[in-house]
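Below are two complexes that have chain A in common, paired first with chain B and then with chain C.
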Partner chain A sequence: MSGTSTPTSGVTAAPSVRKEGAPPRGGTGGGRRRREFTTRRGLVVAAFMAPAAVFVALFTYYPMIAGSQMAFRNWNLTDLTDTSWVGFKNFREVFTDPAWGTVLGNTALWVVGSIVPQLVIGFALALWLRRRFRLRGLYQALIFFPWAISGFLIGILFRWMFNSEFGVVNDLLQKAGLIDEPVAWLADPDTAMIAVLVANVWYGVTFFAIMILAALQSIPDELYEAAALDGAGKARTLFRITIPYIRVTLVLTVLLRVIWIFNFPDLIFGMTGGGPNDETHIVTTWMIKITQQGDYGKASALGLLVVAVLLVFAMFFLTATRERGGGRRGAGRGGKRGVRA
Partner chain B sequence: MIGKETTAGRAAKFTFLGLWLVFSLFPLYWITVTSLKDPGDIFSFPISYWPENFSLENYQGLFGKADFGTYLVNSLVVSAVAGAVATAISTLSAYVLARFEFRSKSALLMAFLVTQMIPSFIALGPLYLLMTDLQLVDNRLGLMLVYIAVCIPFCTVMLRGFFENVPDALEEAAMIDGLSRLGALIKVLLPVMRPGIVAAFIFNFVNCWNELFLSVTLMNSDENKTVPTALNGFISSFNIDWGSMSAAAVLTILPTMVLFAFASRHIVQGLTAGAVKG
Partner chain C sequence: MRRRTAALALGTAAAMVLTGCSTMSPGESGTVTLNMVESLTNPARTDLLEELIADFEEKNPKVKVNLVSPPTEQADQKLQQMLQSGSGVDVLEVRDITVGPWSNNGWLYDMKKDLAGWKGWDALTDNAVAASEDDKGRTYFVPYGFYGLSLFHRTDLIKEAGFDKPPATWEELLEQASKIHDPSSRRYGYAFRGGANAHSNATAAIEAYVADRIDPANGYLLKDGKTIFSAPEALDAMEMYLKLFKQASPKSSVAWGYPEMVEGFSNGSTAFLLQDPEVIATVSESKSLDANQWSTAPLMAGPSGKTVQPLATAGWGVAEGSKHKAEAVKLVQFLSEGEASTRFTKGNSLVPILKAAAEDDFYRSGPWASYVTMTENPDTYLVVTQPRGVAWWTEWQQRADTDVQKMILGKLTPKELLAGWDAYWTEKWKK
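And then the complex of A and B:
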């Protein structure tokens, strides 16, 4: 971890510290008293951070870094006699794999097809939950339940519901007259992708609803009163006040979710296992399959590609939204600017 | 007030909210009904939406044939210990990140964020080798240590949000009264923050309880398996026994639902506080 370089405090390992509220230091030599003061605070920071840092360094960063270098080596569990460095061979193997195109397409569909409905439905729920009504607290607690379940188990629940013979989804659709014959949902790649997306939307809407609701509650009522006085209609109020005001929250939530959904093999793993015929793999479930086959080098190359894509995405996303004038974080600021504009 | 609501608007709103509630709860209802059916009835037509021949046979099978009790205990012990230790450690780091400004702060936060971005599979191989060296493979302590590390980053960010809602005058006063910083944290801040800390613990517990891939990698003997690993075993075989599976699913979901029901308000607060402040 960087940023600990200048040894102002004499404690080599301790990060340098400034008092809260003081201007950022940069050439503030300070007197002896001040130096002692910062040393003490530095020790507190170091001591309090140490356990967390040790755990994360040893059990997360060390294996992650060790795993990353496997991407450039011939590392296959079936034959560990030759683990030589092979440059970008593993990456070439990923790109030339016949499954790669399908995997990429599925991943894009998985991310976009999950995020868009989650965002739209979550937004609608939040708007409708904003005004108090009886049992609202209970309602929120109930729709929060899917969040307590693991992605893997959700995959299993929906695998059972989408069962072609005894599944409740076919039964309900037939009763509603929407289909004549039972559909073998998970046996056909197209319908299987629809099924996993339904499951993921079921799971993820709550998160959007919660985040957006919290942001909505930070909008002062006066803004709406002013809009009403000006005779602004519902749509106009939504687009000129509500959305601009909570834009920062929207952006951050979408960012978090994209990263998270990209990295979320659990649901598909439990629901289709990537099948039929490897047609519903996304990048991360495909990585599981390759790992299980023992080709750690290739799996690791795939993992690094994921990290690279997500880092580029995060930077692009944050820069793009910052340029449109939302500079600072915190819903209030971005919002005010939006209203003025 | 937020605009005026028309009767039609209200009707549309409650229809939508009602539909979403049904959609949200139906899968849970369905798995429960399946688990309470007589095993023979699960695969019969027409599909019944209520257990006609109510039976606990699926549950009895879990504790007879499979050793589900052991898996539950393993999951409980590992999740409770790892969740508690991670909460304690994260309390310290979150406190520092909320109260102090220091140069490596943004780097540390970034380092925590990156852990959320990296597919865990990249680390599984080396982690297995590391745990082999430490002689902690197929060992509940080993799994706890790994889970603690997994929980810390998010838990820290969540608790940091809670700390920022507590005025720092509180512990400064305590320190003027002669308490050490750690003493002030434990005696003065923690009681104030109890709901937040409980929520963080529950969040950690549920995450550990639900974790699959690390557990599959590190635990291989039957006596050490956790619940998700056992569930994974149920689908490894070609045909899924949906009777046992549904009962096992209900037993897995139930404790986490109870915990979430208790703490959902605080968890929501923690999530929104952590994320809004980035």
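And then the complex of A and C:
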């Protein structure tokens, strides 16, 4: 706890930060004596790790590497008599496809348009759930429930809810007097994109709420008490104590979610199948479409592109967060400043 | 202590590897285990198949059948992966759309010789015999039934609108559906297929319009060797089809696939639906419709008074990689004859493969009668082989579905659509 009230002691508080999902930082050992590393101990560690390592190597990395070679071959399931090497032909086909521009634009919209509302609403929910009130446990369970449902199933549910003639969305909007006649949500490419974003926001809010709530619960009450004594208002407490304190969690959750949403074709696939007129495809649903056509070469090329983009993104993001120092140390400083102000 | 934990960890690892291997060991001597994989899976159908398999196992005590039922959406892809690996499949469900590429890749076993003396052939309908051979006379699967289109219609709404019988032609359908269509009171004329598989109903309309000139061996060709999409009648068909969307179908049907179409009809809001016989079972269970409010009619004809039955089919085949081909063929035979076949086609609402079915009361009455009418009048309801076995079929489906959506969204004219389709097939067949 003291680690947060003085900037220097943030270092020693690092182990407890890690528990909340922050990355391990170097030099955490401080003056503590390290356990001696012996060959026997190394063997024990290796033996424990072996099953998992073998499993991951066999079922994740091997198929990945074996599969990625298809990207450079003429690998079409409809005709496997000719699987010759074709260099970068599959990549060229991806880049020159007329749908590529739309797909890229949609992917950006899908990621940004999902994550911003998810973060804002998730944060608000977490703040609300942090307070103590009757049946809080029940409310928490209910709010976290969507996260347990498969994305494809949610896609199918929302496909019916957004159905123009028989769906509940139009029915409610009409009863509320907001629209005069039913909106054909999934029949128009623009409204279809809105519909899938609404569904995804609903689905993903939960994850932010869970992560942020866990982080919020680690903020010591003393800080808020001190802030209140110093006369800090609600907004100032939020921006000077709460947000700086949980910044590492926020950053990491956003990072994770960007990768997951980018890689989340289930919902769109269940809801619109990429239609109408192929105008709601994101990179990953488009990849599924190409796979269904049997062109594993082109789909594999697209898959490698996705991996490359996400790797670059993850490296950039991790570097950026490390440079800023982040976490409790920053939060401690911010908090202190907030209280003093 | 440490030594013990290390031993424990190593033991766990070894156990994992060993359990992985144990499934590869051979079974009891003399007993053969067949792996059977289905594709168009649904829970009721799987139960029925399990029952049929139990009968088979009872008659063949030395054969055990292990039924694998992947979810329908991924089933064909799963099968492809299993076939590609060369083992794990003995008997499998082969569809008219998968037989081409799979046999091309050498994954399917030609059962021609094994079935040469099979007495089951005599009991099969001509359609079934024809569908069990490819253009080079090889038998990669024996069909278990057919999926064919008929017009589900609301008898009460047709009467209210002042008509005395269901439409017999596409033009009449347009007229009746337009008159019934009234979106303000949530009543729709036609359950238009704009989503997945949109092209299938569009090509059904085109084939009806060119029925006089169509090549019976290839439903996408005219007798003169040009594609059906190049014919002037095809343009009439597509213009009529576009009107059917604009004047008689709900706006959101741009995105309607199978579930929405069937829901639209069975919840009582839509008057006409073009669908497979399996929908009879679904509509029969509808709480919004009484049995006397609906029926089926034969597929609508074009201007010549004829139409084309776009029969789709699937059946049971044997994998080339199977080590128990004799037993596998035996299972295929068992499923394709007598009681087992009848139970399967009735249970799944399929157009039957056995001649005897035409005498069965089940097929002569109610919504089923239109299928018998179509089968018994092959001069009006032409049986034409569709080019569904070509390697590029999936690519074509996806392209054509998107084109139909473009047309009804106003981004492509019927003329442009047909020119594109004509060019596509001409190009593909040139290769």
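Note that the second predicted complex is superposed on the first by the 289 of 341 C-alpha atoms of A that agree within 3 Å, B and C clash if a C-alpha of one lies under 4 Å from a C-alpha of the other, contacts with A are read in each partner's own complex, and residues count from 1 in each chain.
Throughout what follows, contacts are C-beta pairs under 8 Å (C-beta built on N, C-alpha and C of every residue); 3 or more make two chains touch, one makes a residue touch a chain.
Nothing here was measured: the structure is a model prediction, and the numbers come from that model.
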Chain A superposed: clash or fit between chain B and chain C?
clash
Output check: A:Ile259 vs chain B and chain C. Expected answer is one of first, second, both, neither. What do you get?
first
Just checking: does A:Ser300 make contact with chain B only, chain C only, both, or neither of them? Give me first, second, both or neither.
first
Between chain B and chain C, the one with more contact residues on chain A is chain B
May I ask you to decide whether A:Phe48 touches chain B, chain C, both, or neither, giving the answer as first, second, both or neither?
both
Contact-wise, after the overlay, does A:Ser164 reach chain B, chain C, both or neither (first, second, both, neither)?
second
Of the two partner chains, chain B (first) and chain C (second), which one does A:Thr291 touch, if any: first, second, both, or neither?
both
Return first, second, both or neither, reflecting whether A:Ser68 touches chain B, chain C, both chains, or no partner chain.
first
Which partner does A:Phe88 reach: the first (chain B), the second (chain C), both, or neither?
neither
Examine A:Phe145 and indicate which partner it touches, taking first as chain B and second as chain C; both and neither are also allowed.
first
Contact-wise, after the overlay, does A:Ala214 reach chain B, chain C, both or neither (first, second, both, neither)?
first
Could you name the one stretch of chain B listed in 96-104, 186-194, 204-212 or 222-230 that collides with chain C in the superposition?
222-230
Of all the chain A residues, which ones make contact with chain B and with chain C?
41, 44, 48, 51, 55, 163, 165-166, 273, 291
Along chain A, where are the residues that touch chain B in the complex?
1-4, 6, 15-20, 22, 24, 41-42, 44-45, 48-49, 51-53, 55-56, 58-64, 66-68, 70, 75, 121, 124-125, 128-131, 137, 139-154, 156-161, 163, 165-166, 168, 171, 202, 205-207, 210-211, 214-215, 221, 224, 228, 234, 237, 249, 252-253, 256, 259-260, 263, 265-266, 270, 273, 284, 287-288, 291, 296, 299-300, 303-304, 306-307, 310-311, 314, 329-331
So in the complex, the part of chain A that touches chain C is made up of which residues?
40-41, 43-44, 47-48, 50-51, 54-55, 77-81, 163-166, 181-182, 184-188, 192, 272-273, 275-278, 289, 291-295
What residues of chain C sit close enough to touch chain A in their complex?
2, 5-6, 9-10, 12-13, 16-17, 77, 80, 84, 100-101, 104-105, 183, 186, 188, 194-196, 250-255, 257, 260, 263-264, 267, 269, 391-392, 394-395, 398, 401-402, 405-406, 409, 411
Please name which positions on chain B make contact with chain A in the complex.
1-3, 5, 13, 16-17, 20-21, 23-25, 27-28, 30-31, 34, 42-43, 46-47, 49, 89-90, 92-93, 95-96, 99-108, 111-112, 115-119, 121-127, 129-130, 145-146, 148-150, 152-153, 156, 168, 181, 206, 209-213, 228, 231-232, 235, 240, 242, 245-246, 249, 252-253, 256-257, 259-261, 264-265, 268, 271-272, 275-278
